[in-house]
Amino acid sequence: MNDTLEIKREAQLRETARRLLEDGTVGYIIGWGTTRFEDKTAPLFAAKPEEADRLVWNEYCINSLAKYSLDDKYPEKKIGICVRGCDSRAVNRLVNDKQIERENLFLIGMPCSGKENSVCEGCSHKNPVVYDILIGEPVEENTEEKASAERFREIEEFEKMSPDERYEFWAKQYDKCIRCYACRNICPACSCKECYADQYMVGWQGKQNNRAESQVYGLTRAYHVGDRCIECGECERVCPMGLPIMRQTKKMLKDINDLFGNYECGVESERAPVLGEYDLTDRDEFM
Amino acid sequence: MSVEKNWEPKIIAFTCNWCTYTGADLAGLNRMKYPENVHLVRVPCSSRVNPQFILRAFQKGCDGVMVCGCHPGDCHYATGNYFTRRRFMLMKRLLEYNGIDPQRFQARWISGSEAAKFRDTMTQVTAQIRELGPNSKFQEKWYQEGGPENE
Amino acid sequence: MSRTGVIICHCGTNIASMVDVEKVAEEIGKIPGVVYSVTNKYTCSEPGQQMIKDAIEEHSLDRIVIGACTPRMHETTFRKMLKGTKINPYMLEIANLREQCAWVHTDKEKATEKAISLVRMSVAKVGSNKPLFTSFIPIHKKALVIGGGIAGIQAALDIADAGHEVTLVEREPSIGGKMVMLDKTFPTLDCSACISTPKMVDVSAHPNITLKTSCEVEAVTGYVGNFEVTIRQKARYVNHDICTGCGLCETKCPSKISDEFNQGIGERKAIYKLFPQAVPAKPVIDAQNCRKLNGSAKCGVCQIVCPLQCIDFEDKDQLITETYGAIVVATGYELIDWTKLYGEYGSGRYADVISGLQFERLVNASGPTEGHILRPSDQKEPKDVVIVKCVGSRDEKKGKSYCSRACCMYGAKHAHQILEKIPGSNVYIFYMDVRTPGKGYEEFYNRTREDGATYIRGRVAKIYKEGDKLICTGEDTLIGKPVTVKADMVILETAMVPARGVEEIVSKLGISMDGDHWVQEAHPKLRPVETQTAGIFLAGTCQGPKDIPDTVAQASAAAVKVCGVFSKEQMETSPMISRVNEEKCCGCEFCVKCCPYSAIAMKEIDGREGNRKIKRMVATVNSGLCQGCGACTAACRTGAIDLLGYTNDQILKEVDALCL
Amino acid sequence: MQLDKSDLQEALRILSAEAGVFVPSVVEGVSRFALWDGESSIDLSRVNTELPPKDILFPQTEKMYSYKMGKNIEIKEIIDNPKQVVFGIRPCDVKSIGCMDKVFLEKTYVDSFYAGKRENLTVISVGCTQTDRTCFCDSMGLSPSDAPGADVMMNDTGDTFVVEAYTDKGKQVMEAWKPLLKKGGKKPAAPECTLKVKMSPEISVKLSKMFEHPIWEEVSRPCIGCATCTYVCPTCYCFDMNSDNHSSEGTKFRCWDSCMFSDYSRMAGGHNPRPGKKERVRNRYMHKLSYFNERYETSLCAGCGRCADKCPAHMDITAFIDRVAEEEMENA
Amino acid sequence: MLRYAYYPGCSMDSTGATYKKSIEFVAEKIGLDLREIKDWNCCGATAAHTKDEMMALALPARNLALAESEDLGLDIAIPCAACYSRMKYSLHAVRTDEEKKEQIQEIIEMPYEGKNDVLSFLDIFSTEEAMEACRSKMVRTLSGLKVACYYGCLLSRPHEVTGGEDTENPMDMDRIVALTGAEPVDWSFKTECCGASHQVDVPKEARPLLDRILRNAQANGAQAIVTACPLCNMNLDMRQAEINEKMEKKYNLPVYQFTELLAVAMGAGAKEIGLHKHFFPAFELMKKYAKRAGENG
């Protein structure tokens, strides 16, 4: 990370935030603030101009912020949100899924050259894909080769294992799952009012924590979000048990790319999810 | 896990009312014979089949699961099976990725007149699953009977 | 706790010979909630049905499972039977023990096991059944026909003759469509106008038909029996209530515009009737070209000369909304714009390379040349004429892959007309194949050849001009040599394509089109005049290229379908349709995307966010449109939309029951 | 007394003859207490395991009874209370067991499932030689090297453990270990937590007056409503009861639940007294730092720091306590 | 800015001499900056593609890769229609076919990404900028001279590769030529094959191909034919007398390059651009029509 450039960007961010709060463009701004640990930041909600200086911009700004807009779906004033590439795709996701109105948000674009987060390796959109104002100059994107080589590398490796090995791998992962639902709650593609998994009365899913129920949860979640996953990696980051959750959704994405052509979510503001449409010429392998 | 004596594969098939279910009825009318292992669940259209049903069937102890509908282009509701096709192409791959044997979940298009195809498919799938043996993957019973200590 | 009654049918020996029905009844009787479990010899028979009715009373049953033949056989029978009891007809499930068990298995023990499983699944399912009620929707016995060509005219007349009200909407100032432009019709060579204009007059005079010309469909909502249609009456600037159609205005109008009815050959005025026999026989003003209305001059001469003060320059578009019970789509076709596709034929730079429809106007007695075949460039009579077929048809690379069906015949007709009207003329027809499937068609083709038309098998590769001749080069594929014909005029028999704007009307109606934008029928063979949407029918070439007899036949068929809908006062709708749990619905619209009937819409409801009252969007199912396929339910991640009769809960219970 | 580190395996082997021994270990990359197989290594390198030991007494899913319906309804209680030893548990987690004891065993109702397991559990604590950056047990009144609630207290002196029995159960352990134990050994000085938090009894009282304070709105905003903090917390004891039904038979079980879930407090009619995250975060913090104190005169937070370490939104209870300490009371 | 990388091709110093001279003259006048690609090689036209597809793609690609390696971001200007066609094929292959791209790079042992476009001189002169520059340099008018613009088959076909305008009735040259005051006629053989590659081995079969072009031009009132390719030009120019002789015709259609017309209108002397060097006499006709701008008649 080019330090002086990013320090400058932080200063610009604070200045912009202050201005937006002063002139009433936004009601408050969601960004990142310090914690008591130097290598951790936490979401910060700045509502007063003087709070703008509490916003920080450094390599530890890893929390995704867009989904916080769902806490305030009908704001009186616009909500300012700092968006990196991934956050901006999350915004598109939520707009696409009719969960928020783009007009209710003021997007402060933060070109991001990667954070202390493994998912940033091979990032395909370092610069926000949608924003109202861009802080500083855009950063150089990863080459397409790098991004695409990285994108499904793990999946391809994994696919080479035998079915039993794969099952064993996942079964052990789901043995670890404590069903805290952090992966779901952080995910911008999970925006149901009431998750299927919480509907014990309907009986989709048992509440008991065991391998079988966690497997059902894991696969169902993968299927539910797989065609809309924006690949931000938050599910994996937040998992307290370290499950490689994105390897499930990415599998869906990889198959979608193989079967239906290039597909990347959250990059365009209007695109039907793959499972929300069909093509007469789709491959027919069911005979 | 040792194979129970007299074990018989348990196979569930979600079938569209207008095609495969009708095809199965025609097979009956023609007194065609196929194994007893296949149990049909009647749904109005294959697009009614939520992929979560498949997971549920494996979880509860089915050894094989099928989704059957009209041939693409022949859907009674015009476009339902196009959605079915997409949903299950992805779901099938996801299941296989998670270790399910490809033969344990199969989708097929069988029309109302294809009684012989229905019979042949069911016979063939039953044989394949018999060959594979009982399924323990995703199964809750496996857990209830001791879980990891079983292995 | 529910009180389920189970009846296992012997079906004579059909089931009982392969399934131990007594054992099934006994095993099922052990399931909690099953309070009555018996067998019966013939459950569908009168005594069988009576036994169920008695059991309902005696054991206070609240739901029934019958293990018998396929539900596709007797589901309706038993539902009807339940109508007379205190149990709702939908509190019934049928386990298929005959077609899918007894008849297809050979091992009685295993078949019995399977039968137990199947009945257990039905018992589990019926436990979650809820009473459902059919609703009745009233049928508004008034039809809307969109498009006033021969298809629309025929459909409107047939429906009206059957005693129903019809509104016929046409966007042009007159009905008549393409047929009235034609000179003669093959193979009988009747005068096209002579047989179609009387029908046009019938339409205008019919007491059951409301004719709306210069009108377009603006919006359509609702469903069979109850379509709310908004029609835009475009400003005509002439008060048709007063106008007598004297035509004085037309003669005085100073603006001259290329005449679209005559395919650009000839001119018309800015205030005009589409053609002399137009219905209604009253003029309209073409605002774009009227000097006063487009502001290019003061003019207003028509207003001055009109003896009845019919001219109203202030006229505005008007929107009219009415309710219709059924809709016939008859939007027709137009010819492909070959000038954009065929550079080798000069892209329209040569005035004497004309389309078949232009030729129809040239040869038509009421056309710009009064029926004399004179070529457009210099008004000379052509001696050598080349006719090129399949221009845009059967040409995947440049035009359409399909055959336009009528061109072989009207190509032959054109040849015949030229040879008849111009003595000593030569006609060369370049063709790929000659297709004449129709009564008297092959005979007509043969006659044309006997008349002297030269048929050359091959496509024309290039048309170019040298002096006042059009040089047509191509290959005669039968002899394998290049041919060159020096022609005075070339007629291109171009492909039919759907009329412009068909995409909009299709999307307004919520029906679908194929890849070439022909309107999609419900089934290519068995439901050729229906669409996927109940109450919307197709007539004529909007559905695909066809000739006049086929068009008229389809129009009458559509009319019968409409009358079928109108034969009832109200329509029973299946209650097994989707329903939205608004509390759970998050408004993502995934269900909307996969509904084939556009039956799901979004609506605003009151909600709460914390302590604030807000409005939020949720899905809502139109019970008139929903056909109960359930595609939406599998698209809903939340499970907020569910299919009554096949709910998530019911299906999950069936799965669970199998796995016990 | 002292136990040579080289004799630890043997010492545990002696115990495992009689009981299931849980030791800190790493299972599929997750550090937790797991049943010792007699051979595998015992991971005392971490200050704290990632998952707390509470599931030994209070499993995440615990079957209570099975039932069978028919003409007569059969109900069978499921009792599963094997003799168990937990070894290597840190003083903060021992204090946490003390908290759960209060909930499940004291005052009005005694929870028989918990009681049975607790009765059969021997707690062998090993004091900390170092602290993590999120450790703040000494601010919560605990010592990193002493667990008064343990049956046996052990402290690392380098090559040996100093061993001390605190209870009769502890004395039995010492008795069993007799051949391995040597006299002497000096308990090392306790390490000090680097993280100091301004916790005091006044904070509890102050909080009890802050129910309507604007601070809740602010501190709760980053919360994403997952159960991470409650499931890694050694003292959180909420559970839900549910049944696993198969037609006419099934089992009733209880499983962990979390007050951070939005549906946790939702009632049958749909009303939710804690509708937003403000109410839910308030409840959790209040419960840890004030409500529990009122009822049981001790805090429900032992200062293990797991929640601060694992929170996806990087929320931090220690920062919250310090905020409260600094808050002027006029605002309260 | 009118700056391009320049691939002259082999004919510019031989059969295309007059083309070259007129290009140079016009370029000088309008500030067209052409930077010849260093170490260019044969484009392989007329022969390579009948032998080996990869050779036919790699030969031109090397030239394009050389231009790209200079990293000036310049599009490549090509005067010859055959060269242009071959270059376009290579560019098209590289841009649309990953596999071929790799093979090509392997053969030419150079990286090549197909970043820059390949342009014919018609593409270049029909840009707004070039048209404007030409317009401002006109000192003579060729008013009254009726010409048939002949594009040949390679500049516009196949459409998938060239992406050019109308394959049947292109108008670029007509618009450029109209700048000089000359009057392009509407005729029908603008893009018809002139049979160039058959003229040597089967001249008898090839002659009718030339004949129909000349005939249609003349029939539509043209007094001259204008080309944009050294090969087309040579073919129509050199063989016109032969057609007249062997087929007993009386064509009198001088054949110019469009740049010659531009050059004359910009004041070039006949010798400066080689007007006197045509096979079929071309000087007299030009002399008759070229007038000082503003002069009447």
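Per-chain numbering from 1; labels A, B, C, D and E assigned in written order.
We take it that contacts are C-beta pairs under 8 Å (C-beta built on N, C-alpha and C of every residue); 3 or more make two chains touch, one makes a residue touch a chain.
Everything quoted here is computed from the prediction, not taken from an experiment.
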Chains adjacent to subunit A and to subunit E under the stated definition are C
Which one of the chains is farthest from subunit E, going by Cα centres? D
Centroid-based (C-alpha) most distant chain relative to subunit C: D
With contacts counted as defined, which of the two, B-C or C-E, has more C-beta pairs across the interface? B-C
Ranking chains by how close their C-alpha centroid sits to the total C-alpha centroid puts first chain A
Nearest whole angstrom, what separates the Cα centre of subunit D from the Cα centre of subunit E? 86
How many angstrom between the C-alpha centroids of subunit E and subunit C? 53
For subunit A and subunit D, what's the span in angstrom between their mean Cα positions? 32
Rounded to the nearest Å, the gap between Cα centres of subunit A and subunit C is 44
Residues of subunit E whose C-beta touches two or more other chains: none
What are the residue numbers in subunit A that touch two or more other chains? 175, 194, 196, 204, 210, 275
Where subunit C touches two or more other chains at once, the residues are 583, 594, 635, 648, 652, 656
List of subunit A residues in touch with subunit D within their complex: 35-37, 40-43, 45, 63, 67-68, 71, 172-173, 175-176, 178-182, 184-186, 194, 198, 200, 206-210, 234, 237-238, 240-242
Residue numbers on subunit A that touch subunit C, as the complex places them: 73-74, 97-99, 191-196, 199, 202-204, 224, 272-273, 275-277
Residue numbers on subunit C that touch subunit A, as the complex places them: 583-590, 593-594, 609, 612, 614, 616-617, 635, 637-640, 648-649, 652
What residues of subunit D sit close enough to touch subunit A in their complex? 27-30, 50-51, 60-61, 133, 195, 218, 221-222, 224-228, 231-232, 240, 242, 244, 253, 255-256, 258, 261, 263, 277, 310, 312-316, 318-319
What residues of subunit A sit close enough to touch subunit B in their complex? 158-159, 163-171, 175, 196, 204, 210-213, 215-216, 219-220, 222-223, 226-227, 248, 251-252, 255-256, 259-260, 274-275, 278-280, 282-287
